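Chain nomenclature is as follows: A, B, C and D, assigned in order of appearance, with residue numbering initiated at 1 for each chain independently.
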Amino acid sequence: MTTSKKTYREAVKDALCQEMERDETVVQIGEDLRGGHAGTNPDLETKKVEAFGGVLGVTKGLWTQFGSERVIDTPITESAIIGMAAGAALTGLRPVAELMFMDFFGVCYDALYNQAAKFRYMFGGKARTPMVMRGMIGAGFSAAAQHSQSPYNVFAAVPGLKVVVPSNAYDAKGLLIQAIRDDDPVVFCEHKTLYDTKAEVPDEPYAIPFGVANYTRQGTDVTVIALSAMVGAANDAADRLAAEGISVEVVDPRTVSPLDEEGILESVAATGRVVVVDESAARCGFGHDVAALIATKAFDSLRAPVELVTPPHTPVPFSPKLEKAWLPDAARIETAIRRLVAN
Amino acid sequence: MALNKQELLRAYRRMSEIRAFEDRLHEENATGDIPGFIHLYSGQEAIAVGVCENLRDTDYIGSTHRGHGHCIAKGCDIRGMMAEIFGKDDGLCHGKGGSMHIADLSVGMLGANAIVGGAPSLAIGAALSAKTLRNGGIAASFTGDGGSNQGTTFEAMNMAVVLRLPIIFVIENNGFGEATGTEYAVGAPDIAARAAAFGMPAVKVDGTDFFEVHEATRQAAERARDGGGPTTIEARANRFWGHFEGDAQLYRTPEQVAELRRTRDPLQIFRDRVDRKKATARELEAIDEESRELVGDAVARARAAAYPPIENLLTDVYVSY
Amino acid sequence: MTTSKKTYREAVKDALCQEMERDETVVQIGEDLRGGHAGTNPDLETKKVEAFGGVLGVTKGLWTQFGSERVIDTPITESAIIGMAAGAALTGLRPVAELMFMDFFGVCYDALYNQAAKFRYMFGGKARTPMVMRGMIGAGFSAAAQHSQSPYNVFAAVPGLKVVVPSNAYDAKGLLIQAIRDDDPVVFCEHKTLYDTKAEVPDEPYAIPFGVANYTRQGTDVTVIALSAMVGAANDAADRLAAEGISVEVVDPRTVSPLDEEGILESVAATGRVVVVDESAARCGFGHDVAALIATKAFDSLRAPVELVTPPHTPVPFSPKLEKAWLPDAARIETAIRRLVAN
Amino acid sequence: MALNKQELLRAYRRMSEIRAFEDRLHEENATGDIPGFIHLYSGQEAIAVGVCENLRDTDYIGSTHRGHGHCIAKGCDIRGMMAEIFGKDDGLCHGKGGSMHIADLSVGMLGANAIVGGAPSLAIGAALSAKTLRNGGIAASFTGDGGSNQGTTFEAMNMAVVLRLPIIFVIENNGFGEATGTEYAVGAPDIAARAAAFGMPAVKVDGTDFFEVHEATRQAAERARDGGGPTTIEARANRFWGHFEGDAQLYRTPEQVAELRRTRDPLQIFRDRVDRKKATARELEAIDEESRELVGDAVARARAAAYPPIENLLTDVYVSY
């Protein structure tokens, strides 16, 4: 299998493209996935120009390859986008709906929360809803309070949904391919600050199974559990501490739901000390979920309090200086680790 | 277009089954043995049946909290429905859904839906599938006058026009959303005209008249199958029972309800209008009798059936997890 | 101050009514709060009949007393209801918006999540949004998957919101009065199975401050933290165990946000053993939030793993038998307590 | 209704300030010193100003992601706006909001809004306050052609009709929602007619012509203040820059944009149509010059200003907690 250096953005596109090639029932639905419908530039028609290819260019090229029937630009109408995707998934398609920014789930959540997620159960097992809702999460772009959130904790609380939060280009491709092939509704969260990060990514399609954590770094003193952009921050902290002889294990669960409970508990059993880093929320977040897992199931191996590193209980501020202080970073993770090893 | 004898009898049977089902449920509910909320469809039979008689098993419908009529019209098994409503394992959803979530995808029924305004966007999804897979299918969504005010309904309409989807938006205007009159809650003079302004053909029909509903749907379905895009049909009818079982109906008088039952009964209107050469009074009465028997049997079986085993609590959340 | 036995339903109505009497800027907004507008019964006009007074009769009487300008019946249009309430709260009213069933938040969440909750922060402190969103939560009525949920965990995760979950009639009145007088947006969750429960409730208005837990029962062996309908279940379990000499403390935080961290930690410090009971979710729920609080801040006093009693990770099933198995109850709480004291 | 000299010069000054503000921001943004997303309003000045010149400080507006023009038209402090956009503590929101969340309730500006379709339901809330408090106030919401497809917008329209709220729904049709043309995304032939179907007066105006917008709004505002309920105004104009700063604008050609700037410039059209006896070329030029100076000063101050202190991260989440 050949590989090449690809950005996270390219990895996502790769997955979308290869699954569309493989399976005719895969369609993309969203706003400005192409861009330019009913535009005035004559090139749009004559040269088949894609005016956007997604706001941040993630879907660029797909419309050219697959056309308007499979790369479906819509009005600004998220509740119809997600509802339509859910209905289409019930009836023979594998739609991938783009929400652009996950912050927008507030205008369309019913279609996912009360509909797609619950069909199978409510209908006594007689439905499959193979849809993906993908969109951007994360702070760091000064996009302010309504364009910087990471509500994967909210999605993970919903039985029936699967929730995927890749931290690097390799995982992004493999997990998105799995998401599209999966027969359950999947929420796929792309961190906007990761789009330009690169990794070696196989050119061929491959699927990474859900619920299998990735030990991005092995260590013996402290376990750090981190997702998405926080994995990089955790590894930076671990790098710094390695010089001092503190050995940190960094576990990236990759999927919030299902969660690799065993993988997490195993690592905690070995180290007895754990830092959970989470961008989702200061209350009722993913971090609390993992901390609760540990408090209920790994208590006996714990040698110190669980350390939780989250943003404060405030909206995401606009000003870069405040936003930087809002976001968990390597320095805060390092402090937490030091507190633990001193314990 | 004139229907033949077989078609007429089949349509009447469906309406008759709905009536028997709902009126019997009203009685059964009084025993206290039925869990949860029940919303009865009696009075609106001509809408569900007039629409669904134009649909194939491979076409899809989205429904509402008041979904029993849609289910029967689309061909759901009546015994399975009744068992579901009683919360039994034999139910169409193995007791996990209940009255407000009866579904059977194998006959194109996408589920009753307890979220007002939930169906239209799901139904355009089914229409998208049909269009993309080029299988000649179409979809219909049922929404009440109340649900016609939800943003989700409007968005689905605009999307359907933009993508030229093969869908029929059926608005069942029964004069009330819960206890609130349509004239209060719908600011516009006209639900159909509101839909038309989204850029699609929209018609108003008498929803107590099977023949009117059937003909309007026939035209809409034909247009949809031919790639002509969406249509809205506003059908005016009345519900004969309260909003839900237990509703004291203070918003109207018992005399008014009695008058509606006398003058606006879709079954009676069918009997009055049908070509007696094709469907005799005797035949129709026999159908009514059979419907009541079928429903009686469904009740007996449902009552006798077992509740789901406790292990089922944890099954069917995911295909795999 | 005179008191009388009142149901939870009456207590809620009392609060609404007395605050409307006290403050002209308090208005109610919702569906069928009165019921009967444009109805055909002539009594509606001539005798000013209220056809509904809320689906479960909670607002019955308010329209008669205050009229259509202050008890505002709306179309079925939750996103406009909550958005309108948010806009009205910014501009001089104190709206109380009823969502009927909290499960419906999916069709209108943006107005709360991205708007009302964030105004004050995004606007640099220059806004007040004194609104209440009230609605029913809870399983137990065979109302099935879309009418039985308790998403207060989701609300509590949002900075800017306050979240109130009263467990009895006395608290319901005092907390709702506080909610209406409060200058921040408040989500007020009424458990539908509690409406007919009774308590001694003062006839006069009174406000219960947010963030103050209620020790519904003092004990020394185990702390049980429970909210809403679960408080009753916890006390039932405690009753049974008392006979065996097991002394259980039952703490009802009453508000999920703000949370009385100190009150919880104090009790845990004393008992060293804790059961958290929560109906909201099996993942990323309120229970996990409290367990995480304990794992991070009370680790040293913990003598056994935290016990978490939640529903399973499934939608709420319809069939009464399954629903009963879904809902945490006294028996499961008892088992958890026994496991702890055996430890 | 003819405006007097003072009114005309005031209106022109507001338009001129918006133009100067936005065109300067375009330059400043190129330096890389402005955080976040920026959406410029140039080309649509006559809409914001034509509407807001009919409003009082105690009236409210709801806005969009493209909100600078609305802010200036409603009387927000220009220096405070610029400092906000640079993320400084002197900003109207102390740097916590940025371009997409500029608000000043003291002049009736309910905030720019980064959620498309967010404003209409907030604005009807302001209208409800005015109606309930009987203070003679009204509200207006600005929504784009793209945002006109959101369910939230439709729901607000229906609610406003039902409750007869004193509100003006302004639809700014600039031909595009991001990179998608209005003709594609709006399935209906007409946005105004869609609003009219909800049961309110709805008019279409040339949004490049201040006088047309002003007169239509005057009538709508009068009706609203008199208890006549809502109105929709669809105003057609063009944006002169990309959707956001950084947009390559592949959906139209540079020549087309140049042509729009030549033929559809609201400031030029104002200058062409204004009564020269009331506003001389010299006077208008002086205003343009003053606007640029004001904005230049705002930029200088914003650049020099301090970022918010780190402690502010935790303030202003709640009034009390």
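Things worth noting here:
Keep this in mind: a contact is a pair of C-beta atoms (placed from the backbone, for glycine too) under 8 Å apart; a residue touches a chain by one contact, two chains touch by 3 or more.
Each chain and its UniProt protein: A, C = Alpha-ketoacid dehydrogenase subunit beta.
Quick caveat: nothing in here was measured; it's all calculated off a predicted structure.
Among the remaining chains, those touching chain A and also chain C are B, D. Each chain gets a centre from the mean of its Cα atoms; the one farthest from the centre of chain B is D. Distance from the chain C centre to the chain D centre is 39 Å, each centre being the mean of its Cα atoms. Per-chain CA centroids place chain B at a distance of 35 Å from chain C. Contact with two or more other chains is made by residues 74-75, 77, 79-80, 104, 106-107, 110-111, 114, 121-122, 144-146, 159-160, 312-315, 317-318 of chain A. Within chain B, residues 93, 95-97, 101, 113-115, 149-152, 155, 158-159, 162, 184-187, 317 each touch two or more of the remaining chains. In terms of inter-chain touching, the protein chains here all touch one another pairwise. Here chain D touches chain C in the complex through residues 60, 62, 91-97, 101, 103-106, 110-111, 113-115, 118, 120-133, 139, 151-152, 155-156, 158-159, 162-163, 315-321, going by the rule given at the top.
Every residue of chain B that touches chain D in the complex is listed here, in rising order: 149-155, 157-162, 184-190, 193-194, 196-200.
For chain B in complex with chain C, the touching residues are 35-37, 87-88, 93, 95-98, 100-101, 113-117, 146-147, 149-152, 175-187, 249-253, 256, 307-308, 310, 312-314, 317.
Listing the residues of chain C that touch chain D in their complex gives 25, 27, 69-70, 72, 74-75, 77, 79-93, 95, 110-111, 114-115, 119-128, 159-160, 162, 182-184, 211, 258.
Residue ranges on chain A touching chain C, taken from their complex, read 79, 103-107, 109-114, 117-118, 121-122, 144-146, 151, 153-154, 156-157, 159-160, 257, 259, 280-289, 291-292, 294-297, 299-300, 302, 304-308, 312-315, 317-318.
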